[in-house]
Amino acid sequence: MKRVVCFGEIMMRLNPKGYMRFIQAKAFEASYACAEANVAVSLANYGLDSAYVTKVPAHEIGQSAVNELRRYGVDTSGIVRGGKRLGIYFLEKGASQRASKVIYDREGSAIAQAEPGEFNWNKLLSNADWFHTTGITPAISDNVARLTIEAVKAAKKLGITVSCDLNYRSTLWSKDKAKEVMTEVCKYVDICITNQEQAVDVFGIQVANTNGTKNGLDYEGCVSAAKLLSEKFNFKKAAFTLRGSISASDNRLSGMIYDGDEAFFAPEYTAHIVDRVGGGDAFSAGIIFSLLKGYDNQRTVNFSVAASCLKHSVEHDFGLVSVAEVEALASGDTSGRVQR
Amino acid sequence: MKRVVCFGEIMMRLNPKGYMRFIQAKAFEASYACAEANVAVSLANYGLDSAYVTKVPAHEIGQSAVNELRRYGVDTSGIVRGGKRLGIYFLEKGASQRASKVIYDREGSAIAQAEPGEFNWNKLLSNADWFHTTGITPAISDNVARLTIEAVKAAKKLGITVSCDLNYRSTLWSKDKAKEVMTEVCKYVDICITNQEQAVDVFGIQVANTNGTKNGLDYEGCVSAAKLLSEKFNFKKAAFTLRGSISASDNRLSGMIYDGDEAFFAPEYTAHIVDRVGGGDAFSAGIIFSLLKGYDNQRTVNFSVAASCLKHSVEHDFGLVSVAEVEALASGDTSGRVQR
Amino acid sequence: MKRVVCFGEIMMRLNPKGYMRFIQAKAFEASYACAEANVAVSLANYGLDSAYVTKVPAHEIGQSAVNELRRYGVDTSGIVRGGKRLGIYFLEKGASQRASKVIYDREGSAIAQAEPGEFNWNKLLSNADWFHTTGITPAISDNVARLTIEAVKAAKKLGITVSCDLNYRSTLWSKDKAKEVMTEVCKYVDICITNQEQAVDVFGIQVANTNGTKNGLDYEGCVSAAKLLSEKFNFKKAAFTLRGSISASDNRLSGMIYDGDEAFFAPEYTAHIVDRVGGGDAFSAGIIFSLLKGYDNQRTVNFSVAASCLKHSVEHDFGLVSVAEVEALASGDTSGRVQR
Amino acid sequence: MKRVVCFGEIMMRLNPKGYMRFIQAKAFEASYACAEANVAVSLANYGLDSAYVTKVPAHEIGQSAVNELRRYGVDTSGIVRGGKRLGIYFLEKGASQRASKVIYDREGSAIAQAEPGEFNWNKLLSNADWFHTTGITPAISDNVARLTIEAVKAAKKLGITVSCDLNYRSTLWSKDKAKEVMTEVCKYVDICITNQEQAVDVFGIQVANTNGTKNGLDYEGCVSAAKLLSEKFNFKKAAFTLRGSISASDNRLSGMIYDGDEAFFAPEYTAHIVDRVGGGDAFSAGIIFSLLKGYDNQRTVNFSVAASCLKHSVEHDFGLVSVAEVEALASGDTSGRVQR
Amino acid sequence: MKRVVCFGEIMMRLNPKGYMRFIQAKAFEASYACAEANVAVSLANYGLDSAYVTKVPAHEIGQSAVNELRRYGVDTSGIVRGGKRLGIYFLEKGASQRASKVIYDREGSAIAQAEPGEFNWNKLLSNADWFHTTGITPAISDNVARLTIEAVKAAKKLGITVSCDLNYRSTLWSKDKAKEVMTEVCKYVDICITNQEQAVDVFGIQVANTNGTKNGLDYEGCVSAAKLLSEKFNFKKAAFTLRGSISASDNRLSGMIYDGDEAFFAPEYTAHIVDRVGGGDAFSAGIIFSLLKGYDNQRTVNFSVAASCLKHSVEHDFGLVSVAEVEALASGDTSGRVQR
Amino acid sequence: MKRVVCFGEIMMRLNPKGYMRFIQAKAFEASYACAEANVAVSLANYGLDSAYVTKVPAHEIGQSAVNELRRYGVDTSGIVRGGKRLGIYFLEKGASQRASKVIYDREGSAIAQAEPGEFNWNKLLSNADWFHTTGITPAISDNVARLTIEAVKAAKKLGITVSCDLNYRSTLWSKDKAKEVMTEVCKYVDICITNQEQAVDVFGIQVANTNGTKNGLDYEGCVSAAKLLSEKFNFKKAAFTLRGSISASDNRLSGMIYDGDEAFFAPEYTAHIVDRVGGGDAFSAGIIFSLLKGYDNQRTVNFSVAASCLKHSVEHDFGLVSVAEVEALASGDTSGRVQR
């Protein structure tokens, strides 16, 4: 069984029930999530040997985050205990023209204050076939930026495939800082996962027709951006999501994988959204799973976009859908007919 | 007041709240349902004298099933007590491209282990104007198949109209077994309710353009199938549902009634789905109610499809809509404007 | 800070959770609402000095209504205590073709039985810049009709701008009675808020192409009706909502403001509905806020329709959206993309 | 099977979840209850043929009250439809030293405005063996007082046993009015159910050591009061509850039956309270059931107090415990050990 | 109306429903609380003009805290907006021998990082009759310690009565630091509220028989400690709570007030606990209310302990009981009988 | 780290919320439990290497059971997949004199139909230090009885300590059958865990003063029974629970360990019960943990009874308390004071 190690934060997600706004909430659903953790859970769910590396405080709230990962089969033996708090993110679900809203309360988290020496990467990555992280992780703090670079370097040295989702978060760092750190990180990355907007935000990869914020999906722009990015960093593959936001309730979705030579696009789906968060992470997990399984590029992108599309119908961040469900959609059955 | 007797199982339905998946569920909503029970409740709700015949265990879970039928006005005096367990079905609601999922846990249920002698059909059917069952009931067990045949024979002898929804369930029996038993059952049936797919599954009634699994509704194919079926079994009428599954969230719906001579189609609706289960049963109840009321074929199918459409907006299996609400939709008001 | 005083009832709203029907409900969500109270909360939420005048019983249920207004920053110091009960309205949310349903249980409420002398309008309106009420308030009882006329007269005398939403409720009074009382009220009104249907119901303002109950929005008819109304009562401005009910789940929305000379229309939105109630009140609040801010007609109607559209995505009656959110939609961003 | 007809109101009960106070509540649990309805449900639950007579409005809230009675097996065919509203009572559960609190919102209810001619007592009481009502019913309105007297007269004429729980409610009528009406009602009563405090409130039956409001239970006073009452009205039996309120969480309970000659007391229980309301009604149902079953006085009072004690452990008003459970407690097993 | 200004933090409280442990929780009830805020709400609830001073972040979570205070009538106009986060405290309710558990997540809160200049005490305290804070506030950070000293000095200068609850929290500061800062704060305090254990923790006021952690309440020790404290700081009055923890479900409670001359004790109650937190704050509010009302010492301590006892029956931190309810208990009615 | 392997069933537990009775329930809380699984979770929670062996169906409900074990750190790699259903048990919580009630729906479960060959005991038990099962497991079916005997034989051969809780369930098998099978099982048992009642039920170990079903705890009888049992089977130790059921809400608890020579009793606790189920399993886990840690007999029984006592305050079956919490209670702190 292939082993994938993901590295990032794990936060408590607190969202009001249903479509209640923050200021109406008298209770919050609590789940545990973060971009890389979402990927780890998807991979465990697909049957891979999936491990997560992070740091959580040594109290019951920290333990609950670990438990949620264990529940879905993620190996949590590499999680360090200590520090003061678990980061929190408050999420208010949008609907129709009202956008979903995130309030981050993640400063001072256990991982943000972790020191470089706390993670023994050689040990953590032994037996691993793949290492995954995202641009959110080095953005957490200077310490974690250093940790991330340590990790990708170690992975590279061990001959492990490295993937990274650029995932720019303007609330965590500036574009200049992002560019500086991510340029260093990307030196060790084999598979880059991103979208046009992030390519612009992080590396200023501007192409003619970028209009990712509108309903129209910019297929050509994706290819151009992937080419520029891949040349710049010598990525083996670049995988892009395409998203057209019709409203907070309905999105058009597709994706592309570019192998330095040719671009492969998945079919386009219109997703009626149950939970918007984690769609990109489900795509990343699809890419990692497919490539580890040896799928060809077309099957890889088809699987990944189908997985991402299905994620939008699942509550909370984790992409809790089975390989069979993803394959069924990828093979063209969009009917959602009752399975008895 | 016309009296209708329905015969079948009654199960506990357990579904996670909202769109939670099974593996996320920490609680289940509990309701009580089964194809024929759903019909019985709709008919009681429409004001008919509706009775249900089944067997439930003599404990509180069995009593709760009886209570739910009583709550909606169904006569439960013919329900036998005994046996070991109440069948259960777990339902996970689908959304968008993710299908709804049913896990049956109904083996060994009280009704499945009922012995033929336990039901006194002559007494149970005295004063009845109509008897209804579905292809699910004889599929439960050999015993229940025998009971079903006893029942339709008794009904026929008493001059009671018999309706049957073919309702093939592949998890309960094979197509061969279904064909064998249903061929016997259908000898005593006056009104057959089904759709193209089931006609194929049970009786191999294949027509040229069957594409019921796709979005397109196959109007012509329905007429052909109804003709073949009606000729084969000498049904007085055959009523078909048509369903085009755009996704788990949206379905296109219509229906047809064929009187051996002419086919009548209802208008087509696009239903935004709150709860997918029970849509066909609401159609059956519409057919029975309309024919007992003496509606003509067009009004019958219009009422039945409108009832089925509205069912999709109601939580749980029961078609809890009023005659007035169905009539309003059948008469063309699809606006859903607030009624103050 | 501009001060607005709204006058009307405050009721307890009881709705089953989610899409449960009344007869399925084992619990109700409780909130507090009424047309004018909804406006008052929106205005407080937009940062105005917003006060509410009503009467509630001197027990904990009455106090809870006051508390809900205070929670959102409404000045409740002018609320009279006494009387026997708080009015209640039961709301069942519709979906798809199934309409939302309201059962009023408001007879004998504290405000309905209030005596004219109980409100000192000169004191209540001192320092106010704007007074708002709706056609629901005088419809509550003869006493309240007298109170309403007292109020608008006092406001007029104090030089306060008066707005009124015609808001005809057939369950509260006849069209004849409505016409008689509202004719008197409208003498003192500066800004009339309504739609085509209400203009017909209350004043018989019939124009050629009124088809507000269908999907199509009747833009021309609005202008004609606004002209006729404005001439009749010498309104400074008349603001109309336009609504096309595709189903209980989706509505098309627009609006118009007419200044006696020219009509200005907002862009049209298709709202996917979370909660249908309070959409008109959010429009009224938008009009009042915009005019107090000195927005021009186009910006006023754009803001008001955007506010109304967003309200449909918010649970319960109150239009709990921020000025920034409304402005974002009014300026064209309908994408509902996650805000981090 | 013995048939009992109960007559009274049926209200919606709205209580915040758990121990939330009214002013904290964002949702209410909805159930349906009233003193006589609670008795009717207990009797149906014990297997008697139990019918309820009342009037409810012809809308879904009224229907929901009927449905709840049907759910537990009560014959609702004698319920009249019409009138404007269903009475409501808000209940806040007390705990420890904080008392439970009831806010009545029952004015103008369908039954309160029922006219004497609306109930055909001879038909409603045909085949009945027992008629039960309480002092709350004639207190609802003058109309209902007349209806109650009509009912007990008709019952008497038909030779049906009549029981009445005095149940004085100071919020509904004065002591003088209660005395006047109840004196008339009690002429037709065979079995009087009450406690010392009510005997004082309604008929001024004062005895030396009445201290029912304290923890101590006044056994001797009960006997004296029962004697005086029975002599005054020639009751066949008088049954008294004894309650010592240690706190809102714990009560001491006992009961007595007096047959004009001798008094029989049940053992005393200390109930840890889950839901305080309906304890007296469970006692009444115990008395009616026991006497219809032909139990002797000692067994009657033991059964009734055990039923009342167990009711305090059941949520909402209805005494949903089985005969077997009551018998087990009455026979001395207070251990509450798990039954597997 | 007397005006009281309280100063402290306001946190979000997150507790699992019922008795669920942290590691079982899938949802949290959210409320807003802090020692001084609890006092402010009680005082507003008793009808005083109660204002709260704190700092909250300028986002919806901060606004929700403000809204909760407004809901219960607290003047929030003096609350400063800004900073990064709202402090959080996680609470797990204990039961029986299992203790309640608090996990603080309050570092880096808006108030903790407030700068001295941000609060204009002369303006905030103008028109105030009383200023209240606790030992938790200066423990938050050095900045807030400075702010607290500024505040009590300003209050003293303005001739406002100052009360302080010593409230030592070992997770916030050391005993040495507490002693140093509180010695400075207490120079300006008129009314000191505390218990024996805190008197030891903060000032080392050790007396012979201190056994506050056991079931037995140490009445004599309280008097000795109060005497020592009052002499040391020249307090006008010292009020002590006494608590005997039988288990997490049941506590024995009493209290004392000492006026420099004589000690007055309240009766002792055994509280069955619904929510343990806020009991001491309810006592403080009782003291402030009683003294502002001019109650004598005995009535003051009786009122305050009754208020504290009743708080234990109310969910969440706020002491939401009315003056009438407190007076009823203080006057001896511990029966918790239903109030209709 | 010591490794313990537990063998048994894993069922879905469905209980109505709070104190709702089965026939009131509209929803069930779902958890996963069984006597041996409860032990396994406690041991994992105490930090041991705890593994569970069972069989579950290969669908999402089966997976959910596995996930719940994983969540709390149990090694589930030895769980076999297949079979038709997961056993279910319905639990209704009792209160006061009303007993808790269990309805088993476990027939035909995956484990019940498992074949002996399906478990490779030598592999499953390799590296284990302890094997634990209970008398419930062989009672499930003849197949499982054979499997159990296979398991204890294999364990014995491997030199692993074997413990067994007699745990007689009359709904699963007769006393004669139990005696026959358990006599065989006990040949391989080192540590026997039971109580007086079970010792009678399974082996007819009758001693003079057995009165375990009453409030009084029979200390002497325990010693006699332990002696007889230990002599009969040559147990190394016999551990007994003592329980006095004051009511469903309050139980008196103690325990004993007998080493063939001397008996050691723990202090007695009165537990206010949050959830009654799993108390005995928590005791068993305490015994296993303590003996593996090398605690002496007194500390072992003290720890085990404290763990059992605390379990009664935790919702659902699992004994989710920490070693530190157990030690604190075992060392005498019963106060349940808030831990901040």
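Note that the chains are named A, B, C, D, E and F in the order they appear, and that numbering of residues resets to 1 at the start of each chain.
By our rule, a contact is a pair of C-beta atoms (placed from the backbone, for glycine too) under 8 Å apart; a residue touches a chain by one contact, two chains touch by 3 or more.
This one's a predicted model, so the numbers in the text were calculated from it and none came from an experiment.
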item	value
Chains contacting each of chain A and chain C, listed by label	B, E
Chain at maximum distance from chain C, centres defined as averaged CA atoms	F
Chain E against chain A, contact positions shared by both copies (same if over half, else different)	same
Distance-maximising chain from chain D - centres being C-alpha averages	A
Magnitude of the superposing rotation for chain A and chain B (Cα, nearest 5°)	120
Geometric centre distance via CA averages, chain F-chain C, whole Å	62
Centroid spacing, where centroids are CA-atom means, of chain C and chain E in whole angstrom	42
Chain B residues counted as touching two or more neighbouring chains	18, 21, 23, 26, 67, 72, 101
Contact pairs between chains, per stated definition	A-B, A-C, A-E, A-F, B-C, B-D, B-F, C-D, C-E, D-E, D-F, E-F
Chain B-touching residues of chain D, taken from the complex the two chains share	67-68, 70-73
Interface residues, chain C side, partner chain A - complex	18, 72, 269, 271-274, 309-310, 312-316, 320-321, 325, 329, 334-340
For the chain B and chain A complex, residues of the former touching the latter	18-21, 23-24, 94-102, 104, 169-171, 213-215, 245-250, 276-277
Touch list for chain B against partner chain F, complex	14, 17, 21-23, 25-31, 59-61, 63-64, 67, 84-86, 88, 90, 92, 101, 103, 105, 107-108
